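Each chain carries a letter (A, B, C and D) given by its place in the written order, and its residues are counted from 1.
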């Protein structure tokens, strides 16, 4: 495939001319790039990376000080930019990950877009996110959904600043050229009710009589920390291992809460490393609480509360806790499953640790 | 959102310093790029484009002359490279489109990959594509599937060259970092049967008793031109319009033949322009037969047999035939539907033609 | 469970009094009837039975002579009454089976009901069944659906009488107390089109672009004999056995054509007995063409063209043909599958033939 | 349809002879019974009926005294026998309803059957039902599932007697001739764990990571009163009406907990009558707590704690509470939905009360 049919020297000239012809009419040969296009295993450009919570919190605080929230900019959000992705503000090829900060008595304006978003609350209290009129109160450890094309805005009625993790499928929806966006006519939409979705859908296996979910996403918009916490405790008690994992589901279908992203929460307890697994597709992990170490493809990442790190596709990962820890994970697993491209396997041998990741830190902030 | 909180001049210094801090720790602000990231409508980088059949055929012939098919290169394929995509060999952000050529008594080696592929036969006869042991004979106008992770190879036992259109979801699977690839241990896999899938699944609404489809794709691997032709004729007769459209379905589910790509065939008859539509996601059109014009986002593309053209996301398109024409279309609609991101609408007003596309042609080939 | 707790003789008096008390307030003890209510295997009241085609045809001809078709009676239909079902006009506990006759230039009035029906044509030509305005022409060997709540009527425009087999889920819908019925305002509904469903949906794996089936049944209303015949031939050629079986599917879902009944067609060729199988739920078989023998639960049923026979739940059955034969089967398999109650297994040993069924014949008809 | 074609007197003789011929070969005419077989609306044989809690409790106590639980009889169960159903021990054509009693330190043996069952606990404590090894503890107001073909047995380790309501789809499974039954090799199966299904599946919208439900029923086997109670309170608070209704769902699919039966719980508060509704299919209501009146098809049924009553198909029903009341309902709605036969509508006008039902009472029990 890599050479001309016959041997004479001038064949190279013919080939050169042929490749030039192809280029001149916007064609490319496959055979010169087959191996790059079709690697044996996923060869992600994104790299494993970790952002420190201390840095994120400090810069969020600085942003609160420097930046006003207005129409146009819309949100005070600092996005994780994976160094492997050539300067794009994306954590992985499919996922946007960010820290969002809202100061006391601030509001972020109402809009909607076809990218879906989740919020996982890190600290603070007193904020609600209004989703199509339903004001969802947010407390640390809660997961709040703002599904595709739902109007949403954030309101901080409290006296303290609040920060949460934002996860979006924006890079994926971008690649699909399927982003639509619209501002709400008002800066903030009217609040019709408080935590209504929770009142209606947060019974375990209980649904309002006659429920049928026509929406492409979970009608339950808030998953409370107390519930997650209790369920992780029950699962750990029944499996007796070092790790228990839950995922956040649409109670009306049992499927993922959103069609493109899988949200999961892992509790790791001291006592050893979890079994390494790898899966197609990428994840962002957010350390909600605790301290420990994850080994990603042979590289050790030490983490503590508030850190965020990325696991690219098909990279083996295991976790080990120094103190009882919770790792929130958002991934594109739901999308890969829907497209029948999901693979997951356990890795039999514990990973050798070959290197230890050194996070980038700020010299000094805002000085 | 775009400025510092207080007025003093040195705030700009603080901002500059802050943005530098962000960059130094791999973070990016959202607010400075909200509008780019969240456009009101899809703003695709891919542009409408057309490749002429005459050029494609000439270069395919030249390639047959110059390039031998071997392990490593694997296929004699010329890929449509959309000029908007920065040099990538992709027709759209999600779709690979190409012309593949196989000379008399040539064979392309057996491999498999998680990217799914379709073949739509343009000219020639005597080739079969073996898919997991089932040799699917290929004739002009036939659609042949090589679904994800099925071993496939191409064998030309005839005395004439053959060309077909290749459509793959490779750019999408690439973006998802979900490409796996494997060579078959032999250059060609053994043929176990001929057209078995067709014998078993090509009855209209008839299935073998007890069928359940556990595979994520259609078990029917070949869709014959004669069937498509007859169905288009029936549909045109019953709708009385200038265009009829069919899609190729999995007979065991009624869903798309493949989980990521929708294959459709349109017949356009002289007598006026079809109603313009636009949809999220992108398409490649292949002119199987006929001559006519498509208007894409106000730009006219004149086409004839063998031409291929691309319609990016959310661009309005209508078709008009000079002679009865068939347009084969492969799109990412199936993927967008699975992710609940599909939108489609008709455009009420006929499009004004603002410009006429001038295709690039070769000066001389192989000289 | 069968006796009093303590021994004294008067306990029997207490028991008698207790059972009388229960009866007086409409209660019944379980423990005295557990074994009847919960048998190890299904213990159907329906019995295997066969009705001869010659008798059915003769009585249908007599009925044509004697009975006019009018509103109220609605149809000239002779129903198979299983002798095990205590006089009910039902072939099995869930299925209605019948022969329907329509003389030259006769019409049966338009109505609809929530029971679903299928027609399998035995002889004659020139009739169409109009289903919600679509006139479906009927020829021997065709299967025609009149799904639940679709208006339907039968029109014979020809000069010959026509007979077909009627299969309905009426006994099941009756048990569920879910029968609704309505006459069309006119004796016959207007014909809007001819064989439209076939024009639109009878492509193999081809669907009109944009199809989504919101109806609970197949949008394809006619399955032609020529198609069934060809598919059976292909399947027999590829499996090399004595029997091939197809089922009639909804092309938009791959599921059964109707939600409650599975329709199948079996071809048996001379050369041995098929492997015996048994399944939960009951079936009616109609001998479309041929001659042979089926063994049901050890009893042999010899059959020829036009005969109809019943296989109750969980009775083993195998078939053997003297001449190439087609057996049409309608069963409640679809319902049992939907309720997750379906079981099917092959029976390893060939069945011993213990008795031979002697069909009831008429002495003389209409004398 | 009802007469001979020509007029002469001897035609009646021919008809008589014809009908005799039909009967002699096990055929029946449709036209003489069309209206009975195809009524305009469901015409159930089952009648609205009520069994008083006081009577049920007294007879259950008497049964505890008189009847030992043994293999063969299996359970101490008193079944509601609808007076319209000709002596069958069935509450409706599809549903078995009963009271089951278990004395202190008694056990009922382990078996399994393809009929599915639910238990709704009325009074007592200290019992668990073991379902395929998982011991599900039962408290008043809890719903416990024993899905089709799961081994189950009941163990009372406490010092008090316990009674609960049993609901089964036995009549339906019987009609379908799909009952299979098997004893466990031991009188009681081993207990592997306690309330494991609850520990794993009772989080609101939370599932163990990687859950996929291959079983045809809910993996959650227990629904606790405390949860139901809280959800009803939340729903009433948000709808502001006189009634709130929940249904018990499979958390992995959002569908009914069992494939054949829908379980619901209604809370009715004083303040007026609920809007009347009617639906295809039948229900059994169990008054868990409270006092009030339901009007069924114009007949008033006064009820109090422990009463059970039946609503046949398509009978209008509304409820009115004297004190805050909970009505547990089991119905065949899930089956009718699966078969696409479900209809439900609200009845605009409040029902006139034409008669008041007088329940049958015992003169004296066990005297």
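By definition in this document, a contact is a pair of C-beta atoms (placed from the backbone, for glycine too) under 8 Å apart; a residue touches a chain by one contact, two chains touch by 3 or more.
From a predicted model like this one, the values you see are computed outputs, not experimental measurements.
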Margin query: If you apply the touch rule, which chains end up adjacent to both chain B and chain D?
Written below: A, C
Note to self: On a C-alpha centroid basis, what's the spacing between chain B and chain C, in Å?
What the structure shows: 45
Next item on the list: Report, in whole Å, the distance between the mean C-alpha point of chain C and the mean C-alpha point of chain D.
Entry: 29
Checklist line | Gap in Å, rounded to a whole number, between the CA centres of chain C and chain A | finding: 54
Notebook entry, point to check: In chain B, which residues are in touch with two or more of the other chains?
Noted result: none
Next item on the list: Pull out all the chain pairs that touch, please.
Entry: A-B, A-D, B-C, C-D
Check: Contact residues on chain C for chain B in the complex?
Finding: 193, 196, 199-211, 213, 218, 220, 223-224, 227-228, 230-231, 234-235, 237-238, 245-254, 257, 264, 266
Checklist line | Residues of chain C that touch chain D when the two form their complex | finding: 1-5, 11, 14-15, 17-18, 21-22, 24-35, 37-44, 46, 49, 51, 55-56, 59, 62-63, 65-83, 89, 93-94, 98, 113-115, 148, 170, 172-182, 216-217, 259-260, 280-282, 312-314, 332, 335-336, 338-343, 360-362, 365-367
